[in-house]
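Chain naming follows the written order as A, B, C, D and E, and within any one chain the residues start at number 1.
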Amino acid sequence: MGVLENKFQDNVIVASLDKLLGWARSTSPWYFQFGLACCAIEMMASAASRHDLERIGMMPRSSPRQADVMIVAGTVTMKMALRVKKLYEQMADPKYVISMGSCATSGGPYWQHGYHVLKGVDLVVPVDVYVPGCPPRPEALIEGLLKLQEKIQTERPLTRKSA
Amino acid sequence: MSKYFANIYDTVNTLWTGMRITWRHMMNIKRDNVTLQYPEERWPRPERNIGFNHDNYNVIRSRLHVDIDECIGCLKCTRACPVDCIKIDTIKAPVRGEDIPNVGHTGETSSGTKKALLVSRFTIDMSECCYCNLCTYPCPEKCIFMVGGPNGSKHPIDYEFSEFDRNNLIYQFAKLITPGQKEALQNPTPEVEA
Amino acid sequence: MTVDFLIDWFAAMGDFPVIAFLLAVIISGIPIFLIMALNAIVAVYVERKVSAFMMDRIGPMGQGPGLHAGKWGLLQTAADAVKLLVKEDTVPETSDKFLFKMAPYIIFIGAFMGMAAVPFSSVLQVADFNVGVFYIIAVGSIGVIGIVMAGWASNNKWSLYGAMRSAAQIISYEIPAGLSIIVPIMMAGTMNLQLLIQSQSGTVWGILPNWIIFNNPFTFIAFFIFFISAVAETNRTPFDIPEAESELVAGWMTEYSGFRWALFFLSEYANMFVVSGLAVAGFLGGWQSPIPGMFDSAGWELFWFMGKLILLIFVMMWFRWTFPRLRVDQLMHVCWKVFIPIAMFNIFGVGIWKLIFG
Amino acid sequence: MTSAEIKAVLEHQFPAAMVENEDLTEKQVELKGNQWLEIATFIKNDPDLSFDQLECITGYDTGEDGPLQTRYNLHSMEHRHKIEVVISHNRENPNVASIEQLWRIGDWFERETYDMFGIVYEGHRDLRRILCPDDWEGWPLRKDYEGQETYHGIVVQKMKEEEGWE
Amino acid sequence: MGIVQGDQMILNIGPQHPSTHGVLRLEVRTDGEIVSEIKPHLGYLHRCFEKHSENVTYEQVIPFTDRCDYLASMNSNFGYVVAMEELMEIKVPERVDYIRIIMGELNRIASHLLALGVYGLDIGAFTPFLYMFRDRERILDMFELTCGARLLYNYMWVGGVSHDLPKDFEKICIGFLDYFEPQIKEYNNLLTYNKIFIERTADVGVIPADVAVSYGVTGPNLRGSGVKWDVRKDEPYSIYDRFEFDIPVGEGQFGTLGDCFDRYWVRMLEISQSVKILRQALKDIPDGNVHQALPKKIRPPKGSVYRRTESPRGDLGYYIVSDGTPVPYRVKMRSPAFTALSCLDEVSRGWMISDVIAILGSLDIVLGEIDR
């Protein structure tokens, strides 16, 4: 998509194409299983039968290449921070990051004495949606994902960014 | 030789029982379906009785909320929090138990205790909170609580507050006091003494 | 049929044989591509729904903001396809770029060529070879080259493991598949799919349709051996070791993303389509109707063929969501020590049966 | 056997190694570090002691200037009795013999105590940090530990840039 | 890793891998598919639990113990609280003991369900994972009804529990147990007796009893190797000695004693034992005030205590040293999964990569507890 990115004037065809791409990307955001700690168990619970993530089109992919959304579920420690950065760079473009749980958002319960804990994953990767909770309920995670889907839908990948 | 065929028979038999189970689940999906379709059906699921009802919930874990008018600034919740995500600044109120209209400070709490301190800043960083509910027990006025459940009438349950920007997760509960008013409160003008 | 039909039709208009041949091939190639694309989209949706129902959940429902994916998530796979079209397909820096880019097309060609010989109905078949069965088996093994290329080119240890495993698996499972497909050839005496299907009309033992599967116990076993080794050939559970989710991160597809990965997905389902088509044509009486007398007009033929095909594809999905995965050496053990001996014994059995009962 | 009897047996075998320490409970026994490997092999192989399960190794920092301690909890599957052995080391270069050959789990417990306190276990085949990254400075669980400012360019301490926070 | 011989390859089953149960890196030296040596790298989830426990007061440590073994938080609390009560010689009322055992056993079932479900996932069967999660959700509903949280409860306090059981908890729990027992039969038909599953797990990754004891392996992994050791029976704490239940031990049904199948089968039998304990506990739970023995100010006397309890993964030990102030001086958590993982190297030599994944799954490790 590199060559087509934001190259076109804003007219009716491009606008409807944007809507189509936005719809496609927001309808099938495949998430990259990135379970670190307790939030990973709640992520698995939201993928299980009761709170079915597949309902909103989310299919788990284990390889970073085939995933669109990286759900950072759990505490990112210093040793893991370098890996998170490398994995984020390995993901194919239009990629989004959800910081699930207090630990990923700002170090959570470990912010004060956690010498080995990264105080918030946005020091390493750009984050789109912060889902608070420790661990967030599966419904809270799905609400965060729906918010991300709304954000993807309003993106306009084809039109040229104005100023 | 017979073990060879017994092995094959055993494989076919056990695989077939497994397939029968998944077939049975597929066939009566209408009855066995447990999915809670979140955007439409909220927790807890009203019609499907999975064993609990909501009226005698005694505790809930969701967003923290503070009724600032009840708070007497005793800092018990700050000490009880294992994560130190509650920050409170208080100013000594000039007269105990008197309302200060321009700042919106009420002198008395609903349970009748007179306030000696004026809470100028009450901030909870929900992105650090570990939702352990330790802060709600020591509060003498029961003014800090997690929304929903037993206090559902005042505040419906709210566990859906994900944000695009991290700083929105820091909730300010105290009433806004301009620096000028703060100066006036901290060192009352001399003529008041005289 | 259609290629010869088109060539005759062009010949009537003027003698430009080479161009006529090319035009005929291209024109009859387009519906195959559409069938493959449509099959992939429908099969992926059905697979996600079937897997959901088997797990007491409800699969893609199209909930979420805006139009989202239709009433019951019907547009889900369409959205997946469009998203994969515009997704950045990364080519790793350290990979062998030419092989990396070529691999999906070779696998796609393997599946695409196989579709040419699938007998949808007595009239609807792209090319009616008189060596139809042999052609499909031969074309089926082109995919392995693509897989090994993909595995080697992406310069990733997981892909290498996946490719080596899948090469071993597909090549060794072609032998029992080939041996067990010989049985219908022996019964019908031809390798031409149309004649093979026509030979299965009428009834046997009164009420049963004269399909080869009901002919004698040996063909019954041969069908199951063929079907299971066909499942193994398309890398489906319980033989999905090459792209084992839990061991090798995503098998030989680890480094692929975007539309290149979608091509793999497309050709996997196309392979399933071709292989079940061969099983239906060989054993289940192709487009013959189960009630021998009635329902055998042209439209019904297509219906019966597609019905049996979808049934077999459903059984493959059913396998996937019920069985655990075999280990590589157990896989080889099952192939060489169980399937091949039984398949050979079957051929011998069918020969004796045909000798006695004619 | 009760802990008192176990202490008596130890005192009888290794009188030189015993150390009197009043604030230890009667279940604990303090030993000098120099004979530790020999004592350990004895209590593991001795038929009526037979401590074959090493429950836990706990590193312990007695205070600003006090010695570092390693506390071994040992348990016998047969006789179902337990003992806790305490060994002190000076703060500058704490070291003691490694019991990694006797109880295989000692390998990882000792690596963890080394990672957290810096107590070197001689004879350990592969003594390196187990929890913190290999290039982590300082021994985290010592009382006088201040965290490092940045690690590979990532700021470790929490930067509170929100207004009016601290 | 030293020099690598010609045909050997170092494979990183990296910190992000679908079946490492969290963030664990296995540096595997393989020759083709056969594994010759594994060097686990830990510490990717080291969250400094022991440093935190030296800076927060005694009752504030409990939320951190939850987060160590996040699959069995009730049992982590239980271990910490039992150790504290032994240090402070607090005698809790009967009802609190009964509530704690009910919560502990429910959490054991939930943790085993997840362990067995994810083990099926590692072997390749996707459906049992979903069925077991569906039933685990029922248990989480009960926890939520009692203390409001689904996964990390902070429910058991030193000297009592935070909240009494809701009104008709016994009826709900018995309803769940009646619903749950036929489900166990269904799991067995679907996964345990499945020939492919048996083929993949029998005779794989055998841990002999003496190697298990020398590696300090405890819990279902040790019982799978035939050693009958359960802290609930051998060092009874709380009122476990009042209940009548037996300790399932591996018998080598489908292969040698101590293989992956035995560990899996011991966990499956333990689920039905926990159901038996729950039924007894629910039947004769007395009344009483649960906040009766809660000390106003937790200030234990100077001294140290080491107490082991039976968590779903093995002996969960807490070594607590107090110096009289309300802040603990040193808290060391002896993690059962840490010792279970240490024997992975010796056990999986000579097996193939898919077996290493099967062995790792059968050990049922939780990285939060290993790295603390």
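Annotations
The rule is simple: a residue touches a chain if its C-beta (ideal position, glycine included) is under 8 Å from a C-beta of that chain, and two chains touch if they have at least 3 such contacts.
Because the structure is predicted, anything quoted here is derived from the model rather than measured.
Shared contact partners of chain B and chain C, listed by label: A, E. With respect to chain B, maximal separation of chain centres occurs for C (centres as means of Cα atoms). Using CA-based centroids throughout, the chain positioned farthest away from chain A is D.
Two chain pairs, A-C and A-D, are compared here, and A-C has more C-beta pairs in contact (counted per touch definition above).
Spacing of chain B relative to chain D, judged by their CA centroids, is 41 angstrom.
With centres taken as mean Cα positions, chain E sits 45 Å from chain C.
A separation of 31 Å divides the Cα centre of chain A from that of chain E. Centre-to-centre separation between chain B and chain E, using Cα means, comes to 29 Å.
Chain contacts: chain A has residues 48-50, 52, 55, 62, 79, 106-107, 109, 111-112, 115-116, 134, 137, 146 touching two or more partner chains. Shared interface positions of chain B, i.e. residues touching 2 or more other chains, are given as 15, 18, 21-22, 34-35, 37-39, 82, 130-131. Taken residue by residue, chain E touches two or more other chains at 17-18, 43, 46, 48, 51, 63-64, 67, 127, 130-131, 134, 137, 152, 190-191, 194, 196, 371, whereas all remaining positions touch fewer.
Chain A makes touch with chain D in their complex at residues 78-79, 81-82, 106-107, 111-112, 115-116, 118-119, 123-124. Residues of chain E touching chain A in their complex: 14-18, 22-23, 43-48, 51-52, 55, 63-64, 67, 70-71, 114, 129-131, 133-134, 136-137, 140, 150-152, 367-368, 371.
Here chain D touches chain A in the complex through residues 131-133, 136, 140, 145, 147-148, 151-152, 154-159, going by the rule given at the top.
Residues 51, 54-57, 157, 161, 237-238, 240-241, 244-247, 249, 320-330 of chain C are the ones touching chain E in the complex. Those residues of chain D lying in contact with chain E across their complex are 23, 25, 28, 52-56, 58-61, 71, 73, 77, 80, 84, 103-105, 107-108, 112, 116, 129-133, 140-141.
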